[in-house]
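After this come two complexes, each holding subunit A, first together with subunit B and then together with subunit C.
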Partner chain A sequence: MAQYTDRALTEEEMERYSRQMIVPGMGKDAQLRLINSKVLIIGAGGLGCPAAQYIAGAGVGTIGIVDGDVVEISNLHRQVGHSTTRVGMMKVDSLITHLKGLNPLPSYIPHLTHLTPHNAADIISQYDLVLDCTDNPATRYLISDVCVLLEKPLVSAASVQASGQLTVLNCPPVPQGITSILGVTHPLPPCYRCCFPKPPPPSAMTTCGEAGIVGTVVGMMGIAQAGEAIKILAKGHHRADILNDPPHEPTFPPSLLIYSYDLEKGPSSATFRSVRMAGRRKTCFACGDNSPQNLTLEGIQKGTPNYDQFCSLPSAKVTLPMEDRISASTYKDILAGTQSEPEQKILQGILIDTREKEHFSFGAIPGAINVPFGKLLTAAAIAKREKQNGQEGREISKETYERLSSVLPREILDQEEDKKDKESEPPIFVVCRRGHDSQEAVEKLREMGLDRGGKRKIVDIIGGMKAWKEEIDPSFPFI
Partner chain B sequence: MGDSVPAPDKPTIPITVDFSGGLEMLFSNQKRHSLTIPATDSNEKPATIAFLIDHLCKNLMTDPRSEMFVLDKHIRPGILVLINDADWELEGEEAYELQPKDNILFVSTLHGG
Partner chain C sequence: MSSSKPPKGHFTILYFASAGSFTGKQSEHLAAPLPLRKLFETLEGKYEGMKAHVLDHSLVTINLNYVDMPEPGQEQEEGEKEPVVIKEGDEVAIIPPVSSG
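After this line comes the complex of A and B, so read on.
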């Protein structure tokens, strides 16, 4: 760990940092602490870009950046550390290029990988403080757990659509398993799991790629994150020995900052709201009384806990066998009645498009019915509940039908009377944005009994509307 | 929605309920609701947060996806409940008895970035 060393500032440092150094509360010591600090920014996206700019500008001496993605043009409205000319470049390299232009003095350390249970401790141990700028709950729990074990303060922010949240965790750090300190009456600093013990169900999770994000909202949160990090480092809070020198009041009273911005409302309607959170939980899995039995660095590296399973990441989602899937071009032939093997002819049926209505509003395959994925999962949940309440069998009961029809279009639920006894019914096709949700949707529709015990085919279109654009209609307005 | 106004002879409590982080979608896309709720539940016990959650599901929620808000009759994981801007854990969670002019904020935790 880099120790604080007293020295004179160089002429360049004097000039470069002069405006922030003369702010009340800063001064030479604070600036030297920043220069001697090592900060890790995990995620070089909408939070990481603005955060990194201010961390670098303020003169933090060592800045590590972790990300395994490349720059895409859809990132640029919010990820302001990249540029149009660097589309396709690794985000970490692109951001460091930008930061070097802003301030060449810090050392920049690229980590060209996603953070994983395998590499997390290795990477995080090289730094004094961590900024969680990631975009998924599994990585958020992983980062927090490793920060607890390595005793690193964590500044965590998140943002989706037009909302943002920010919280300072683990600061000053207290060793794992200690939930009370003699002479300290205020709550000890919480970890991420103390605040959010359980992740939301996957159906309630929204990502920026699917739900969208306002650039200024995520930017605001990233900058606020940098502000908290600079405060902690400049004042040396990350090194405070709370065990042997307990403060009378919490340095960072546990709190959560909530920012809401409303596109539908007039000017000045955006609000910041700071709420009081509880401190370290005695029962916390990661830092509570019995936590050393649950959580160790060795365990994490070997796969315990299983973060993907804990959060049921999309990567762990349903994968349909190939016979339950068709390509975009096959679907086009079905629509046009030009199937190559007429004896295996698939009937035209119903096409369900599970994208959000905003995506759907830019265009869809003719005849497609929009049932956003969330709604479909809701319907599945209703059907499942009804089934548990004693409605056995694959066929839908009348009561379930009524409940489902408040969520699903009747075209999907109805079966035409004259077709009831026929061998096969018109199939249901499911298409989504890129071919992931559609596979799960197929499975859910079957669970709901809509395959009529196998008489009705339910298949998905491989690669979703993205494939439709690539294979069939290059002019399709895919978003 | 007709039963959201309690019978006139029953005592009521005025409170404000806020939704944030996307939960407002379930409640007619409106972030703030000024409500008058019964001061006691059906067993004449003082109205608690648990009672309020049930009341909101029955009377205020417009979206059928109730499992985005409650699971097994409890608030679903990933939603923070704040009583007058403090985590409900500091106030007794579901057992907290509502007081006139209380502000209850339901906010879903975000993960994007």
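After this line comes the complex of A and C, so read on.
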């Protein structure tokens, strides 16, 4: 922990920090605490860039930055600490270049690596407070666990698409395994696992690359994250001994800030909500009563727990057998009527594209019908419910048809009159972005009875539109 | 995310992040009262697969306060505190963790 050293501020510090120092609650002592603090920012991306700018601007004396990636042009709409001229440079170096321009006084420490179970304790131990600005669940659990063990406060923010979350964890730090302190009546501070004991399944994990992200939303969260860090350091809230100071009311009720922004709604509809969280969980794997048996620094370094495995628990993902799948090239041949084995000729049928409508808007295979995956799942749930309500049999009842047609295009549901009694009907092809959702979609369409008891083939295109771009049409605008 | 006042005999439920993408909506009104232990079951009935994809790893709040979800199958034991019931006019939120940045 940074020692508080009493000294006069230099002339440059006086001028540089004057506007924030005169804010009620700040003053000289608070500024000196910032100058004597060491902050670690893990991730130099959409959260880390804005957070680092304000941490540096405010005069935190030592700033470490961890990231193993290089700057890409698709980062720049939100990662405002980089620049077009620095594409290809290590993100850490690029961000430090920017920060030095903003404030040359702090010491900047580059860590040109991803945080791993092997290096985490070594890096984190050098700092007073950690900002989690990373982009995946496995690293989030790792950071939180190491912060519990090293007793470091953690400010955690996250954002995807148009949602943001922010929470202060482990502050002030309480030693691992202690879930109550004599005379302290308020909840002890939680860790990340106390808030989210189970990781999301990989299927629910949406990364910025896959799901998209609004620059201002992630920027807002990064700035708010810096704000909390500055407050904690300036006021000394991270001092563990604060718990022993009478009158035992130093901690703040743990809370989670949620920012919701919606491009589909009118102006002024964005909202902040702060929800009250529970404190340290007695049963928490990392900080609860029996946690010292589960979690140690040595264990983490040796690979226990296994974070990658923990965050890729078996998912409900469907894997179709190969005979129910076709390649992008085969589909192209079907479209062009140039199949190599005409005796096994597959009819053209219908192509369903299950990507989100935003992806679809940039381009699709000619004739494709857009049914976003979520809509398809809704339709499947409707069909299933109807079945449970006594609508037996493979054929779709009239009532179910009406309900489904509010979600699915009629082309998929309708049966051409003249094909009704034929042995086979034109197939349904399903394509998605990369070939995962399409397999589940095939299953769901069959469950809905759209394979007409086996008379109609339903298959997916292996590798999705990504494969279409790679194998068939390099100019296809895939994002 | 703004929510309109629920009609009589209902509560409001808010779907954040992946809960919103899964249900295709940000909020709706459901019939109250509803015991908290029936909440996931009710939602799973409406949105098949939601439990495994969203609910199991989400946190739940009632009127902005975190609530512990009762363990499945865990019947109320004698002397245990009253089971939580979602009341008319309450605001429930389903909050999955967001991991990206």
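The working rule: the second predicted complex is superposed on the first by the 313 of 479 C-alpha atoms of A that agree within 3 Å, B and C clash if a C-alpha of one lies under 4 Å from a C-alpha of the other, contacts with A are read in each partner's own complex, and residues count from 1 in each chain.
The working rule: a contact is a pair of C-beta atoms (placed from the backbone, for glycine too) under 8 Å apart; a residue touches a chain by one contact, two chains touch by 3 or more.
Computed from a prediction, not measured in an experiment: that's the story for all the values here.
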| item | value |
| --- | --- |
| Fit or clash between subunit C and subunit B when superposed on subunit A | clash |
| Which of subunit B and subunit C A:135 touches, first, second, both or neither | both |
| Which superposed partner A:380 touches (first subunit B, second subunit C, both, neither) | second |
| First, second, both or neither for A:406, with subunit B first and subunit C second | first |
| First (subunit B), second (subunit C), both or neither touched by A:196 | both |
| Contacts of A:157 with subunit B and subunit C, given as first, second, both or neither | both |
| Contacts on subunit A seen with subunit B and repeated with subunit C across the two complexes | 43, 45-48, 133-137, 140, 157-161, 163-165, 195-196, 198-201, 203-208, 211, 213, 218, 221-222, 256, 258, 260, 262, 273-278, 374-375, 378, 381 |
| Contact footprint of subunit C on subunit A as seen in their complex | 43, 45-48, 133-137, 140, 157-161, 163-165, 195-196, 198-201, 203-208, 211, 213, 218, 221-222, 256, 258, 260, 262, 269, 271, 273-278, 316, 374-375, 377-378, 380-381, 384-385 |
| Residues of subunit B that touch subunit A when the two form their complex | 20-22, 31, 64-65, 67-68, 71, 76-80, 82, 85-87, 89-90, 105, 107-113 |
| Complex contact set, residues of subunit C against subunit A | 1-2, 16-18, 20-22, 24, 26, 45-49, 52-54, 56-57, 59, 61, 64-66, 68, 93, 95-101 |
| Residues of subunit A defined as touching subunit B within the complex | 43, 45-48, 132-137, 140, 157-161, 163-165, 195-201, 203-208, 211, 213, 218, 221-222, 256, 258, 260, 262, 273-278, 374-375, 378, 381-382, 406-407 |
